[in-house]
Structures are given as C-alpha cells and as structure tokens.
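Okay, so chain A shows up in both of these, paired with chain B first and chain C after.
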Partner chain A sequence: MLGLTKRDTGLFILVICVTALAPFIMNPFPADSAMAQFNAGYPDLMQRFVIFGIFAIGFNILFGLTGYLSFGHAAFLGAGSYAAVWMFKLLSYNILPAIVLSVIVAGLFSVIIGFISLRRSGIYFSILTLAFAQMSFAMAYSVLTPLTNGETGLQVYNDDPQWLKGNGPDATHFFGLEMRSTFDLDIGAWSFAFNVGYYFCAVLMLVAFYLSMRIFRSPFGLMLRAIKTNQTRLNYTGLNSRPYTLAAFVISGMYAGLAGGLMASMDPLAGAERMQWTASGEVVLMTILGGAGTLLGPLLGAGFIKYFENIFSKINESVLHGWFGFLPDGIENGLIWVAEHFVGSGWHLTLGLLFMLIVIFLPGGLMEGATRIRNRFGGDKNKKDTEGKYAPAGE
Partner chain B sequence: MGILEIQNVNKSFGGLKALQNVNLNIEEGTIHAIIGPNGAGKSTLLNCFVGKLMPDTGTVTFDGHSLLGKKPHEINQIGVSRVFQTPEIFSDLSVFENVMIPCFAKRDGAFELNALSRVQGQSDIRDKAEQMLIDVNMIDKRDMIASSMSRGDKRRLEMAMCLAQDPKLLLLDEPTAGMARADTNNTIELLAQIQDKRHITMAVIEHDMHVVFSLAQKISVLAQGTVIVEDLPENIKGHPKVQEAYLGTAH
Partner chain C sequence: MDAILLQILNGLDKGSAYALIALGLTLIFGTLGVVNFAHGALFMIGAFCAVTLQKILTISSISIDPEKKDFLGNPMEVKTPYVESWFGEATGQLIINWSVPLAILFAIPVMLAVGYIMERGLIKHFYKRPHADQILVTFGLAIVIQEIVKHYYGANPIPTPAPDALRGSFDFGVLLGFDPNAVIYPLWRLVYFAFSALVIGAVFAFLQFTTFGMVVRAGMADRETVGLLGINIDRRFTLTFGIAAAVAGLAGVMYTPINSPNYHMGMDFLVLSFVVVVVGGMGSLPGAVLAGFLLGILESFAAMNEVKSFFDAIYLPSIDQIIIYLVAIIVLLARPRGLMGRKGVMEE
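Moving on to the complex of A and B:
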C-alpha cells in the first residue's frame, strides 16, 4: 500500500491507530484518582509529543542515516517559529501560510549552514553546527531584535497589520477551525480531551513519518546509509557524498522548521530560547534514546522524554507525602527527602539516569529493547529481513 | 597508445622525492603489474591516478581525459575503479546492498535525489547486482552483513562492486596482502577469470611475486621513485637492475 512493503504498511497503520486513539491511550486513569497525575492526555502535552516527534523524525534522517551529528538543529526550529509568528502578525491567524513559510525559511537557513558545516565531518561538523546555532541564538537577542523582539519574544499585538484577517478568529486556526477548541468526552470517571490542534499536528506528523519511511527505503536512503558506513568507498564508487549529505541536512532542517511552525501555531509565541543548545541537545537525546537509524525510535524517544519532563516535573512534595503517608513519619520524611531530588525541578536527574541506563544496556535505544523482547518471544521476523535493517548507531 | 599514460610525473613530500620523472604506459586489455621494494613509490603513484594526490609536475591521461585535479568520484565515473589494500566495503550493509550501490552509481551518476522511489522496485539494478554476485560465486551470501564475512570474501565482494561498474581500468593495490595461500590462489583465479571474460585493463601493485608472475602480462619495476625497467615477465626475473634494486649492489 502507498508504495510500502507489507511490514512497513503494518507499522504505519499501527502508528496511525496509536496517534488517532492517543486521547484514550494517554488517559488510562480516572480523572479524580490518585494516579491521574500520570495521565498525559491533555492537549498541550499531546501536541508536544507529536511536534517533537516531527522534529526527531527529521533529525533521524540526518543523524540516523548519515551519522552526521548536528548539534544545532534547534536553530531551524527557532527560525521556523519566528517565520510562523511573522505570518500571524502580517497576514492572519490562519496557520497554513505560517507553516509553509516556516518550512521554507528553515530550508533556506539549513542550505546555508549545511553548505558550510558539511565541509567537515565528525566532531568538527558537530562543533560547526553548534557554533552556528549559538550564533543564531545570540543574534536573536541582540542585533536581530527588530525581527525577533529580543528577550520578550515575538508575539502578535493588537496593532499588528494582519492584512488578511477580516472577521477571522482571534486565535490560531485552520480556515476557521480553531486550534484551541477541544471536545471533552466524559465516560464514567474518565475524561478524554479531543483537541483540534493535536489532530492537526498528528496528521502532519503522520505525513512526516510516511515520508521518512519512503526515504529510508529509497535509493537515496541507501546512499545515506552508505555514507555512514564508509565514505571513502562511496567516493571511489563514483558517488559524490557532499550533495547527498547536504540534501539530508536540508530535509531534516525542513522537518525542524515544520516542528517550529507548528509550535508557534499551537501557541503564537516565539522566543530565542528555542534556539539554545539545550534544545538542540534534547533532540539528540530523543533520537538516541529511541534508537537512531530506526523508523519508530525517534517518535518513541520524543514521547518518552516529553512524558517524563511533564509528569516527573509535576510531582512535588505534597504529592510525595500523599504516596508515602502510610509509612511512619521518620521513614516517610527520609524517603521523601531522597525522592524529591528525582522529581519536580530535579526531573533532569531522573532523565539523566534513565538515559545512562539505556545507553549502557541498550545501545540501540528503546527500539533495541523492543527487538530483544520480540526475539525472546519467538518472533523471527527480524532475522531474515536484512534489507532496510542494519546495525543501530555506534560502531 | 595506452589507455593510461603517465608522463614525467614528479612528486615530493618536503625534501623527499617520492616520484621522479615517472613514465608509464598501460596498454588496453592487459594486466600490468607495478612492483618494487618498500618505499619505491608504488602507492604514491597509484594515489596520483585516483585523485587522492596531485603530482607536482607531469601529466596523467586516461582514455583521453586528464586525471589531474579531478576528484575521486569524477575519476571513477570516467571508468577507473580501485581495489584497496584492506578491502573497503560498506560493512554495515548487506552484501546485496553493497553491490547495488555501484550499480546505482553507474546508472544514475554521481548524485541523484531519488528519495521517493523504492530500492525494492529497481528491478534492473537488482538483476544486475544479482548477476554480479553469481559471477563471483557469492549469491548464497547475499543477505549477510558485509562485516561478518571472512577477509577473502570481503575482497571478493569489493571486486564484485568494482566490476558492477564495468570499469575500463581496474586498479588493484596489493590485492592479496595478508591473505592465506589458498585465498591468494582464489584471488589469482578470480582475476584471471575476469580478464578472460571481460578484458578489463588492470594495473596491479603487488609484493607477492607468485601473484605477479601468475597474472601480469607486463611488469614495471619501480625503485627510488623511478621506473627502472619495464618489460615482459620472462625478461624481468633475471634482469640485473631488478636484482640490484631488490637485493642491493654487491660491494
């Protein structure tokens, strides 16, 4: 179907089902129960799952296939966000032109950065991309203030022209369909939220995922994987690796731009911190955590990190008291003292530990874990199919 | 007229003159061996053919094209393939994918953005790659990951990759270095077969005299950066200059 093999079609259908049913899947606990804080089915978080999913899928096309580790992809995310907000300021709150422009701007931006950075490989390439991203970040705060509104961040004001607005809504919309509108479905003790913004992002994520599948299975994808394993042989086989890597870089830059545009479309704001190196590092973590070079890995990694970021950071001392309340006071306070370092603002510690555990025990990321489990339970699907499958990141 | 002509090539690294006035002519359809003691400049000379090094002076002409200043992929696209001393293959990919890549390079040129067509659907490429693997007797290994094969098989795969491009000239840099005797003999046999079937011109740089004298139709002896003798194999063995270069002069 759709030019995919049977197995890929199955995978794609699975992803479609999970994204479509996400409001149910993410909300397994009744709204009033003590477990409700582990629910992730609220629009804001679900939007972030799919947006960062797009970002990571795109990053994986560059890093997972060619092995070029860019440490500056957040620059394209930020550029996309700024472009989108400018469209809101100048035209209207319709997100279609905003998203189109954000992809174009990020694409052009990545042509420039890629053209220069790809003259080097390995660590030098990473440093160059990092330098460019930090430069963009610093410039957004200083000389580019007229474009970026500096520290305040770019946002839409009442006196902005919005030439095409007319009687359109005062919030981001897709031809009248407001992104923030949510339909709540209450079934018994459960409450499920169906948000327009989430489904809009989800559809684009599915398109992005489908395209990445096609790229993985194409001759172009084969060449990118060849670049990762032996660039010398590729050059002596009559292939010019430079345009291949540049194309991969620009494609992944455009994915990042799309993610940035969608972020601004969900919440019409853009700040320079989106370009900071920590944001670039986050997408690297997502991809490695999920499994670089696999189709599903980046999506899993993005979901995993965003889930823990939001859920763990929400747990505070009073929540912990609720959990450990049944214990004698001394032990309770001791346990809480230990636990509170891992939750709330200390959630980075948890993430760091999880990341270490996964990288040490599952170098291929969560996808390697999934493969191992499947092999243990007698599935022999992976063993024969070497085409399109190959060793995960790390030599 | 040779297919590869090297005229007055000089190359020095700092004060060291690696190549001095090298003239070499490789005839079309022959196997031409370049031998010489360690440090004679064999590898330097080879690197001047493939765009890795730029000679200081002189010309390198292949089939009417000058090779000077061209990049490795451009030189490959006009018909020069190279086999490395240690096999350079795509270790993380399957054997079949390894052979498909040169087939794509031959069909589509140095760059082609075919990101939405499917590798599965390229029947011409797949047929050709399959035929290539049958030719080198590796079809039973087609789904193996290349890095998991023996060194002899990796060499065989590398040759298959080079042949998949139908090169006009095949450069071999010590194709049997570090091989067991049996593997060496297999490689000799394979090269002889290729020459028989496809009449590809080959330039072989080799240490192993057994290989050289089993294959070469012409031999050039390189010593201290110059070609001291160029002759038929039967005349090389007893040549006084060659013995001098290898064993040193008797004082």
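Moving on to the complex of A and C:
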C-alpha cells in the first residue's frame, strides 16, 4: 500500500490507529480516581506528543541515518515558531500560511547552516551546529529583537495588522476550525477529550512519519546509511557524499520547522528559549531513547519523555506520602527522601540519569531493548532486525 | 591607548577562565581521546567547593545574649562561628574572610577524587565507543551533576565574596606611566589572571619537566607504543584526567568572587570552552591557552562602544554577543585544524 512493503504497511496502520485512538488510550483511568494523575489524555500534552514526535522523526533522518550528531536542531524549531507567529501577526490566525512559512524558513535556515557545518564531520560538526544554535539563540535575544521581541518573546497583539483576518476567529484556526475547540465525551466515570489541534498535528505527524518511512526505504536512505557506515569508502568509490548529507540536514531542519510552526499554532507564542542548546539536547535524547535509526523509535522516545516529564513533574511530597503511607515511618521517610530527588523539579535529574543509562547499556534505545526481549523469548521466529535497521532497503 | 589596555585587561579574566577550562578539555581529549561535555560541570563543582567551604567555616553555635534585644524586645540570638570560638575572634574572622583562596586547598583533593571516580567509573568504558556516544554520555552526566547541585544549593546564585584585602580596585595605569585613575581595575580580576597564569605554567612545567609528564606526552603521541614499552599508560591517563578536573575546579573556585556561582554556570562556560578548544586546535595545549585568551580579549573588544557603533553602522549590531561564534566558524572553515592544531588530529 502506498509504496510500502507489507510489514511497513502494518506498522503504519498500527501508528495510525494508535494516534487516532490516543484520547482513549491515554486516558485509561476514570477521571476522579486516584490513578487519574497518570492520565495523559488532555489536549495540551497530546499535542506535545505528536509535535515532538515530528521533531524527533526529522532529527532521526539526520542522526539515525547519516550518524551526523547535530546539537543545534532547536534553532530550526525556534525559527519555525517565529515565522509562524509572524504570519499570525501579519495575516490572520489561519495556521495554514503559518505552517507553510515556518517550514520554508526553517528549510532556508538549515540550508545555510548545513552548507557550512557539513564541511566538517564528527565532533567538529557537532560543535559547529552547537555554535550556530547558540549564536542564533544569542541573536534572538539581542540583534534580532525587532524580529523576535527579545526576552519577552513574540506574541500577537491587538494592534497587529492581521490583514486577512476580517471576521475570523480570535484564536488559531484552520479555515474556521479552532485549534482549541475540544469535544468532551463522558462514558461512565471516564472522560475523553477530542481536540481539534491534536488531530491536526496528528495528521501532519502521520504524513511526516510516512515520508520518513519512504526515505528510509529509498535508495537515498540507503545512501545515507552508507555514509554512516563508512564515509571514506564511499568517497573512494567516487561519490561526493555532501549533497546527500546536506539534503538529509535540510529535510530534518524542515521537520523541525514544521514542529516549531505547529507549536506556535497551538499556542501563538515564540520565545528564544526554544532555541537553547539544552532544547537541542532534548531531541537528541528522544531519538536515542527510542532508538536512533529505527522508524518507530523517535516517536516512542518523544512520547516516553513527554509523558514522564509531565507525570514526574506533578508528583510531590504529599503524593509520595500517599503511596508509601502503608510502610513503617522510618522506611517511608527514607524512601520519600530518596524519591523526592527524582520527582517534581528533580525530573531533569531523572532525565539525565536515564540518558546515561540508555547510552551506556542500551545504545539502540527502547527498540533495541524490545528486540533483545523478543529474541530471548521468541526464539528464531524473529530473525529480522527491528525496523530494518540492518535490513536492505527494499526487502 | 588606555581604553585599549583596559579592554585587554577586561578580556584577560574571562579569557583566563576559558583558557583553564579549555586546557583541561584538551588534556582529556589529547590523552584519552574523549570529548568531555561534563567539563563545564567540573568547573561548576569547583565553584561550589568554594561555596561549601564558606558554609562549613560559617557553621555557628547559637547562644542567646540576654543583654541585647532585637526590635521585638526578645533576647537576641548571637551566632558565633565555631572557627571564631576555636581560634579567637580575629583569626577566625580572617579565616572566614579568606575562604575563597582557602578553598583552593579544599578543592584540589576533591576535584582529583571527582576526576578519578569519573574516569574509572564512566569514561573508561567509552574509549572504544564512537565520539557521539562519548558526547551523549558526558552530556547526560553534566545534566545529572547540575541537577544534584541545584537540589542541594538551590537555583539562586550564592555570593562568595573575595577577601577584603583583595576586594578593592587597583590603579594599573600608573605602573605603565598613564595618568592616575586612567586604568583602574578590580584587584581580584588581576589575582585571577595571575593565578590562572600560575596554574597554566604549572601544568606545562609538569608535562615538560617531570618523568610522569614525559610519559603522558609520549602517550598522547602514540599510546600503543608507550604501552608496549611496559608502561601502564592507563593509570597515568587516569591521573591526567584528575589533573584536568582539578584545573577546571580551580578555575571555578577562583571565579566565584567575579560571578556568584549558580548551578548552570558550567553549561554557560562549556559551549564557549568547546569553541575555544576547536579554535585553538583539538589536542593542542598551547593552542587552547592561546585561543582562550584571544577569544576572551576579542569578546571584550567587541563590547567596546566604539567597536559596537562601527558594527552597528554596517548592520551588525550587538556584535559582542556573537563575535566568538563568528570567529569560530570562520576559523573552522578556513583552517579546520585550528590555530595550533597538529596535522592529522581530528581534522576531518
């Protein structure tokens, strides 16, 4: 179907189903129960799942396939956000031009940065992209203040022109369909939220996922993998690998721009902190955690991190007391003392530790973990590698 | 002329910090071949050694003095640091006052230990892994260290003043024959520069004139051959890592009076230090030092009003914010191995 192999089609349909039914899947617990804090089915968080999913899918096209570790992808995300908010300011709250422009701007931006950075590889490439991203960050705060509104961040004001607005709504919309409108479905004790913004992002995420599948299975994707495996040998065959890496860089930059544009479309704000290098580190982490070079990995990683970020940040001391209340006081206090390092504002500590553990023990991420488990229990039935990591492009 | 001198001086203190961190980074990269993204965190740990020592020294016994009343009329609590009650008031206050320089003595063993644990516990397992993995794991470690420090010391900067004797400013211009008050410079920054020059000199002397340093240098050039000669090069490299950590830590200790330490100071310095290393030339120690000072001075020159207005005129405002990155990009493209990089080391 759609030029995909049978296996990929199955995977794609699975992803479609999960995204479509996400409001149900993310809300397994009744709304008023004690477990409701583990629900993730509210619009804001689900939007973040798919938006960061797009970001990570794009990053994976560069890092997973070519092995070039960019530490500056947040710059494209930020550029996309700024472009989108400018469209809101100038035209109207319709998100179509905003998203189109954010992809274009991020694409152009990544052509420039990629053209320079890709002249080096390895660690030099990482540092160059890092330097570019930090430079953009510093510029967004200082030089480009007329464009970025500096520390305040860019937002839409009442006296902005909005030439095409007319009588259109005062919130981001897609030809009249407001992003924030939500349909609540109550079934018994359960409550499910169907948000327009989420489904809009989800459709774009599916398109992005489909494109990345096609890239993974294309001769172009095979070439990118060859670059990762042994660039020197590739050069000896008389091939110039730079156009390929640049193409991969620009594609992933455009994905990041799309994510940035969507982020601004859900909430019409843009700030320079989205460009900071820790933000770039986050997308690296998502990709690694899920499994770089796999199709599904980045999506899993993005969902995993955003989910636990949300859950862990919500847990506080009284919640912990509730959990460990059945234990004797001494043990309870000890456990809480340990646990409170990792929850609430300590979430970043958990994130850092997780990052280290994954890189040390499971460099292939969650997908590799899944394969290992399957190989241990599934016998020889599953000889194939996950998502064709080492499989030929066509099968 | 005096303005130029002032800018050079201004650049020296930041340049010293860059040079010290970059020196440690290069030492680690040159010996172990590891790209250490946690080096900024080591700098921060050093700074927090100074904070910790200050806290330890000011641990006080609380007694109630019935003579004195606070504004509500209750008897006032009097805090007497234990140091003062042990050594007498004058000596005790002197010790507390000099807590930052004293922290050097405290920081050296701490940083050596931290470096040793880090190398044996983590970095050792990453020698054979790709650079990307090294970057990622040390990046994770940097986050962990940063968050632990944040948890225990809070998110706000903690003031750690310099000793009273070194707090004033110094009329530097008079020494060079300028008018009095033309070039006035904070004394502590001069101390910082002198201190870092001392540390840099010590590291170079150590590498140049001791047998240990000779082995390390030989190991940097050809690790395998040194190993074949029956020398346990790994153990020496571990100690080198400890030294690099100590250098970064000392840079942090002495930097605290200039900028009150906070948990993200390491990250702030790390990116710039990497840029410095790359500009200087990966694996070149003199290059790292040179580039550190050069970029520090360049940055302060770019902050001059005259320079700024010149760049404003050619539509490059706020040049001081981006000058380092611009220079780094130009250097990397024009001379990929950096100012003093050796041929063939990480060139591609």
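As a convention for this text, the second predicted complex is superposed on the first by the 376 of 395 C-alpha atoms of A that agree within 3 Å, B and C clash if a C-alpha of one lies under 4 Å from a C-alpha of the other, contacts with A are read in each partner's own complex, and residues count from 1 in each chain.
Keep this in mind: a residue touches a chain if its C-beta (ideal position, glycine included) is under 8 Å from a C-beta of that chain, and two chains touch if they have at least 3 such contacts.
Everything numeric here is computed off the predicted structure, so don't read it as measured data.
Undergrad: With the two complexes overlaid on their shared chain, look at chain A and say whether chain B and chain C clash or fit.
TA: Aligned on chain A, chain B and chain C fit with no clash.
Undergrad: Applying the document's definition of touch, where does A:M26 land relative to chain B and chain C: first, second, both, or neither?
TA: In the superposition, A:M26 touches no partner, neither chain B nor chain C.
Undergrad: Identify the partner contact of A:A302: answer first if only chain B is touched, second if only chain C is, both if each is, neither if none is.
TA: Neither partner.
Undergrad: Looking at the overlay, does A:P363 come into contact with chain B only (first), chain C only (second), both, or neither?
TA: A:P363 contacts chain C only, not chain B.
Undergrad: Angle chain B-chain A-chain C between C-alpha centres, in steps of 10 degrees?
TA: Angle at the centre of chain A: 80 degrees.
Undergrad: I'd like to know which partner A:F355 touches here: chain B for first, chain C for second, both or neither.
TA: second
Undergrad: After superposition on the shared chain, which partner residues are touched by A:L239: those of chain B (first), chain C (second), both, or neither?
TA: first
Undergrad: Quick one: is A:G3 in contact with chain B, with chain C, with both, or with neither? Answer first, second, both or neither.
TA: The answer is first: A:G3 touches chain B but not chain C.
Undergrad: Can A:A259 be said to touch chain B (first), chain C (second), both, or neither?
TA: A:A259 contacts neither chain B nor chain C.
Undergrad: In the superposed model, how near does chain B get to chain C, counting Cα atoms only, in Å?
TA: 13
Undergrad: Which residues, counting only chain A, touch chain B once they are in their complex?
TA: 3, 5, 214-215, 217-223, 225-226, 228-230, 232-241, 243-244, 247, 251, 384, 386-388, 390-391
Undergrad: Under the stated contact criterion, what part of chain B meets chain A in this complex?
TA: Listed in rising order, the residues of chain B that touch chain A are 50, 71-73, 76-77, 81-82, 84, 88-94, 96-97, 100-102, 104-106, 108-122, 125, 143-145, 161, 165.
Undergrad: Quick one: in the complex, what on chain C touches chain A?
TA: 35, 122, 125, 129-133, 135-137, 139-144, 146-148, 151, 267, 271, 274-275, 278, 282, 316-318, 321-322, 325-326, 328-329, 332-333, 336, 346, 348
Undergrad: Would you tell me which residues of chain A are touching chain C in their complex?
TA: Against chain C, the touching part of chain A is residues 67, 69, 71, 116, 119-124, 126-128, 130-132, 134-135, 138-139, 141-143, 277-278, 281, 284, 288, 341, 346, 348-349, 351-356, 359-360, 363.
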